[in-house]
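We just call them A, B, C, D, E, F, G and H in the order they show up, numbering each chain from 1.
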Amino acid sequence: MNVNVLHDSRICEIRWHGRGGQGAITSAQLLADTAYNESFLGVTASPTFGAERRGAPITASTRLSLKPVRIFSQIEVPDIVIVLDSTLLATANATQGLKPGGWLIVNTSENPDQLGISGDFSIATADATFAAQKVGLVVSGFAMVNTAMLGAFARTTEMISLESIKNTFMRKFSAQAAQKNYEAASLTFELTHLLRRGNGN
Amino acid sequence: MNVNVLHDSRICEIRWHGRGGQGAITSAQLLADTAYNESFLGVTASPTFGAERRGAPITASTRLSLKPVRIFSQIEVPDIVIVLDSTLLATANATQGLKPGGWLIVNTSENPDQLGISGDFSIATADATFAAQKVGLVVSGFAMVNTAMLGAFARTTEMISLESIKNTFMRKFSAQAAQKNYEAASLTFELTHLLRRGNGN
Amino acid sequence: MGDDNSRTLIITGNEAAAIGARLSRVQVIAAYPITPQSPVTENLSQYVEKGELDAQYVAVESEHSALSVCIGASSVGARAFTATSANGLAYMCEQIHWAAGARLPLVMCCVNRAMAAPWNVLNDQQDSMSQRDAGWVQLFARDNQEILDLVIQAYKIAETAYVPVMVCYDGYILSHTVMPVDVPTQDDVDRFLPSYTPHTILNPDNPRNLNQVTLADPRVNSSGVLCHGYLEFRYMLEEALHDTMQIISDTNREFTSVFGRNRGDLIWNYELDDADVALLAAGSIATQATVAADELRTQGVKAGVIGIRSYRPFPKEALMEATSKTKLVIVFDKSLSYGNEGPICSDLKSALYFSEMRPMVHGYVAGLGGRDIKARELVEATYSSIEWLKSGESIKTTGWINCQI
Amino acid sequence: MGDDNSRTLIITGNEAAAIGARLSRVQVIAAYPITPQSPVTENLSQYVEKGELDAQYVAVESEHSALSVCIGASSVGARAFTATSANGLAYMCEQIHWAAGARLPLVMCCVNRAMAAPWNVLNDQQDSMSQRDAGWVQLFARDNQEILDLVIQAYKIAETAYVPVMVCYDGYILSHTVMPVDVPTQDDVDRFLPSYTPHTILNPDNPRNLNQVTLADPRVNSSGVLCHGYLEFRYMLEEALHDTMQIISDTNREFTSVFGRNRGDLIWNYELDDADVALLAAGSIATQATVAADELRTQGVKAGVIGIRSYRPFPKEALMEATSKTKLVIVFDKSLSYGNEGPICSDLKSALYFSEMRPMVHGYVAGLGGRDIKARELVEATYSSIEWLKSGESIKTTGWINCQI
Amino acid sequence: METNVLDLPEKEYMLPGNRACAGCGLAIAYRYILKALDGNAIFAVPASCLTVLQGMYPSSSVNIPCINVAFPSTAASACGVAAGLKALGKKDVTVVAFAGDGGTYDIGIQGLSGVAERGTDMIYVCYDNEAYMNTGNQRSGSTPLGATTATTPILNKQQHAKDIPQIMESHNVPYIATACASYPADLYDKVRKAIDKKGVLRYLHILAPCPPGWGFSTKDTVKIGRLCIESGMFALYENEDRN
Amino acid sequence: METNVLDLPEKEYMLPGNRACAGCGLAIAYRYILKALDGNAIFAVPASCLTVLQGMYPSSSVNIPCINVAFPSTAASACGVAAGLKALGKKDVTVVAFAGDGGTYDIGIQGLSGVAERGTDMIYVCYDNEAYMNTGNQRSGSTPLGATTATTPILNKQQHAKDIPQIMESHNVPYIATACASYPADLYDKVRKAIDKKGVLRYLHILAPCPPGWGFSTKDTVKIGRLCIESGMFALYENEDRN
Amino acid sequence: MGTRDCGHISAMASPTVGEAGKTGEWRQLRPVINHMKCIPAKKGKPACFMCWLYCPEVVVKRSIPIEIDLTYCKGCGICAEECPAGAIVMAPEHATQES
Amino acid sequence: MGTRDCGHISAMASPTVGEAGKTGEWRQLRPVINHMKCIPAKKGKPACFMCWLYCPEVVVKRSIPIEIDLTYCKGCGICAEECPAGAIVMAPEHATQES
């Protein structure tokens, strides 16, 4: 993986793109929680302020580091960008600042090369919507893909394991919900397609 | 007359004793106004804070000087004490701090020596109550003596003239009220008895 | 009360403030009674009811609403006035910040009184000092003449810089004490103070939306112009406050030329030229300090006085200049930033931090809750500070005048 | 949520504050929602409704009332808590002064947010800074762990000194950011924090009348004892604030012994021992400054950081000591005393005025209204100040970080 | 049946030699309210004439525990007292908020409306002297149409007074009563009843004639109050057991 | 007779692409209020969902002059606007204070009660979505008994909502009307009537269903509002020409 | 010996008779009881006590005969006004006053 | 070239369509009009217009036929719900969504 360092503290910076109501902030936090339990001593996650109306584009961020995180400013040059809703690729300028060699992880039924996105970064795609629908993570007709995308993150970066994700869900959700969310994440893990480019490892 | 000086600015400091409702504050202000028009460039007058309930003892103060007054602290050592209600002589410790050679001016029907007040100051008495009643300055049965006592002040100190007092009343009151108040002051002027003692001039 | 000739009246500070507002032709007055401010509102309501002042008098139900009314009125282009004290000022706090951020040229008199708890209606300056950060110009009057003059000048300053101005004067000590005040004619005031031109008017013909949510970053408007973020607005507010230093000077110069009275600029001095020791304070205590300085001089101490007229903006350069030849500056604060020190003392030390001839500075807290302050006590405090200076000790904690604990 | 073992949770600053209050066994909570504080009150109402916290939760109709409820509750001997931000804090202003004057050991979290107008819900520290004079202890948290720790410590400090304590933390930056927080067990907290013993209780068995009008001069009571005047009460409040310096140290020491965590005292340092340049700030920006210091050191500049934990009392001596070996102190203020300068910068210069080794001090205003602050910008600002230092110019006005005007 | 004058309790909680004006209607009313509470109450009192009546530190003219509170904060401060007592398990003390008309109709109505909604267990007493008397007789929301005050000096008040008891009724406050200083036994009985109705907000409104403020002779306080009732200017009533 | 949908004016003052949630009841109501005012009004708006709807500097989603004001200050700020206009001799513009339920029932009631007493010449509109929505659905004085909110998350609200229109009636406000976003023409007519009743305070109370706050689908906003009326949960009425 | 001896850290007052001083001194008119006319005195049993009932100063004693504590009585005159038997008259406190 | 060019000293905003951006992008369901069913279209004269009446977004045009500005329509579905003729249905905006 890639990290953005000021010097000795390597920090992996992740930006989430989603829409109000999709749970991007929750995922950003769940990722921090999971990573902490994978011995990343330094984890933070935060929303970016904006009108969080349902459907409106929003972002969130997660920082992961082996040492405590001492940086709270907004992420300018993310190592990883996660996009919960592929329509945002075009409208929200999701790849802005993405570090050369970084990863773009997109929820889409398409393969990475089908996205037609150029750039000095690798691309992972996963059909989290399919996974969420499959396990029944559907709220008023809409698939809840945010937790599923943790599976894609795990598969892509190998920074966290599916096991840890499961543990996090079990700490945070009811047993039943944890199971469902875990199934979606693990299915998404399986469905993840990777396209390595640039200096990404 | 006597003045209290810090150095070059001679200030005559006057403390008024009265009861809530007797108009001591008004008199203190009228005296300042009158003196200003007698070319005392520096005049101030102020109430002393307290429960100003009707009948409760209160004090007020006036400072007169030929130069602008730059002192706003409470008067500790008055040159002159004016008592609107002779019952306060006993209860309000009216002569406290009165400067040796200063003047105590009391509204009473008695003569200065009848008051039995010892001390290193001169005493003036005047029956302002009689004067006020005589001219009809009576409000709900009680004589309003405050303006009348300006006559006693004029007579005792010679710092202001009856004429100036009249002018002040005319500026401040209706013509009819001015006339009445002036009559009371001028009658009180006449009724004033002086007992010089100490180094009072 | 006709207004045909300038004349000297023997009036209280509260009357001086009310007359100042009347002569400034304020158009909307909203105020709520509180001791010792109440007579200001009573006088103004009387002027309005008598027809001597053509203004809307709004008898609001709280101080928060008083300032809110002024904010609303000023936003549509009316000249607005309010006055308060102590708890009333604190109850306005949200709107104090608001008025500054909205750049509304209101004028408010703060009749300085001690803050509760416990209750105390007497003078100190904790109330206005505790609001010093909010973006208002804060002017302190040393006597009743200055109250009247400052109210009139305040509108000029406010409407030039588009910042609100607070005219502070000591409760009771000035507010309830009569003294001679030269009251200018309406004509002269009209000559000095033109009518108010707002920077933005709420007007159906050109609909604007004021004080909207403003983002962290600058944002482009529909015409493609990059507009301020919140920080830039704040920068401009600070810039405006800074500019008022010049505006206050200019206003004073103009005032002098119209009314023939010059009571000093951002600060005023008394016997300072050859002074070794400067007594520094704001408001009526500074006037008293001149008496202390006289006394000290008769006793051989070369003392002078620096009076703070403008506390915000804090006249750093003027103070650096004024203190450049003194060895010792003694600051009398009638308030305290608890857990630190007197605000004037603190600001002064900060201002002089880089001064070449850094004088020693010693602060006293005095007069809280109406504790009487004698000129003699200022003299004694001066001697005590001189002792300290001689002792060569570097730090001296804040002194308290006449604390009987 | 059981509370049996100390454990690390990945939580927001608001959750940390709410858990801190719960562990402190607060008995009365009164709060009013405002962004970014709202989740604190939501969490607490949830604890109460779930039965996890045995407290009265009063859903008041305004912030003024929130603090009023706390004042009432504390006066009868209940441990009281509230939290607010920005305009909410300003709306409490009267009661902020009241609580201090009444010597009530309340704890309030101020989730720092910019003051309107214009509206802006993002972080800066203008809100709590503008209330710094009122007689409260003001503690600033650098991260979420410190929020939780400080809330618990705050009750200890407050109830020892009988002064209210405000725990300040940056809105969004901490309030809405999750990070690891070690949550102590209830048992440990109970060991650390005994129950509250009020100095005076309102009680029919021994009727007392609290916060009455207090006169300018001391007054004798019916037993002939001379009792304080207003000024003496204020002297005692200042004395208490001064004493909290020691109490804060002691509390931290005790806290360390119970919880095994020492996050610093009145101030904390980072790489300061050999530093030529110290970056000084309060809150999350001080944490970020440590990254800037690291970067500066890799570039050959010996930089360190001083973090303000206690802003009131202002730790003058600790700062004198901490800066005694530095040549330059760079202060980052997230607020401004308009018409003067940043409050921390100003207080620092005042504190160091008599310092023998007076370092140069340069102040920046940063991050107003949520303007993002990068570590790199702190580095750049440091270089710019070093340039100034080299230039030999004596005065440099306040710098603004990333002002795009 | 109204308590007979002979049955009114002897014990006094208001002490002589206090700072009220001679002939103060508030003083009469306060005396009986305190009698009715018989010492088992905690008061919250904002800035008002009552602050002055109760005296200045270190001496108090009343023999009850009282917290002086900020002018706009009466109801909320008392609510805090009630919440604190509840948290501490002290159930038998009556909490009483006691404010003037200005502190109730104007700057205090927000807090009052809040406790009315929350149904705080306390008695709120408004004593109504129809203006801000403590600061010198300025107009309040209770000043009647046409009254001369320090801030309506010439044209007199142009608006009607608010009807606060009715506003409380609109808040569905379960016990509302009006009383007058001229009817001490009636007042006493209403306070007793309010004490008994624990667990909810009780609102008492007391007309308190004020000699200096209203401009009548001190001897006429009781008579003036009586005339207010007899003329229908002010109505004595109770409004209870609403939902 | 209610204005026919075909006769409702074409001109829009609320602009598309604003920040309201999809299906916002407030947005529907606001649209018709603006139509009724036809641009000849000045608004005072406190912190609320409407602040957000109206957008962020330097762009505004409404084509009317508006001053955003501090949350507790709506009525007083609008009163200042009215006083300012009066002082400047501008007589034809309607001043409108426009606040949410939190800004009206709770932190704004003091100011509202004040303008009611003073009889300020303006229209006060309260749009009622029954909680503090802008800050995330916390309970307000308008939240009905039993409702779940962010601050009544488990036991739900224990108290009844205040009845503000009735409280306004107790203030003798000369024109009071209730309306609902689901009945735009009725709302439009009531605003028109309020505009015509110049010189006094007019109070309009508008039920504004809120999909995210109340937890219903965005498509059901109008239906939910209609059900509120039809079930008697909320009554549409006018109360006019009181003394 | 300073004020610290009071032991208070906040203003905490204790009940005191005569907090405002001897308020009897405020009086301009003094209530004078004519016990011959007073109902309870005449009846020799508790009755009337209107003076006790209405006294704002708590200075009338509900005893037979009634007593007034002139140290604190402010002389309002309510007792005289309300006495159904005319048993109290208000007399000028000082010779100099009209009645 | 900084923000000073905007010329404002306080936050003073001007009316702008699309202040929140192209809010059509928020949509998950899109209103699709069946003009065959639409009353005014069918009648050929102004009628009904319930979709116009209730649209919270001001994006329906009261014309014949009615028009919806999908750039800003947030897809709430009120028009479909309130249409008495069933002339509007809400269709999934993106293929990946269930309907």
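List of remarks:
Keep this in mind: a residue touches a chain if its C-beta (ideal position, glycine included) is under 8 Å from a C-beta of that chain, and two chains touch if they have at least 3 such contacts.
Computed from a prediction, not measured in an experiment: that's the story for all the values here.
Common neighbours of chain C and chain D under the contact definition above: E, F, G, H. Inter-chain spacing, taken between the CA centroids of chain C and chain G, is 48 Å. Spacing of chain B relative to chain G, judged by their CA centroids, is 32 angstrom.
Centroid to centroid, with C-alpha atoms defining each point, chain B and chain E lie 41 Å apart.
Chain B and chain H have Cα centroids lying 83 Å from one another.
Among all residues of chain G, those that touch two or more other chains are 2-4, 6, 8, 10-16, 20-23, 26-27, 74-75.
Within chain C, residues 59, 61-62, 64, 87, 91, 94, 98, 101-102, 116-119, 121-122, 207-216, 218, 221-222, 225-229, 232-233, 236, 370, 372, 404-405 each touch two or more of the remaining chains. For chain A, residues that reach two or more other chains under the stated contact definition are 49, 51, 53-56. All chain pairs that count as touching, in label order, are A-D, A-F, A-H, B-C, B-E, B-G, C-D, C-E, C-F, C-G, C-H, D-E, D-F, D-G, D-H, E-F, E-G, F-H.
Across the complex, chain D meets chain C through its residues 64, 87, 90-91, 93-94, 96-98, 100-102, 114-122, 126, 129-138, 211-218, 226, 228-238, 241-242, 244, 312-314, 316, 335-341, 343, 345-347, 349-350, 352-354, 356, 358, 360-361, 365, 367-372, 394-395, 400, 402-405. For chain H in complex with chain D, the residues that touch the partner chain are 2-4, 10-11. Contact residues on chain B toward chain C in their complex (touch as defined above): 6-9, 29, 32-33, 36, 41-47, 49, 68-74, 76. For chain A in complex with chain F, the residues that touch the partner chain are 51, 53-56, 140. Taken in their complex, chain D has these residues touching chain F: 32-35, 38-39, 41-42, 45-46, 49-50, 59, 61-62, 87, 91, 116-119.
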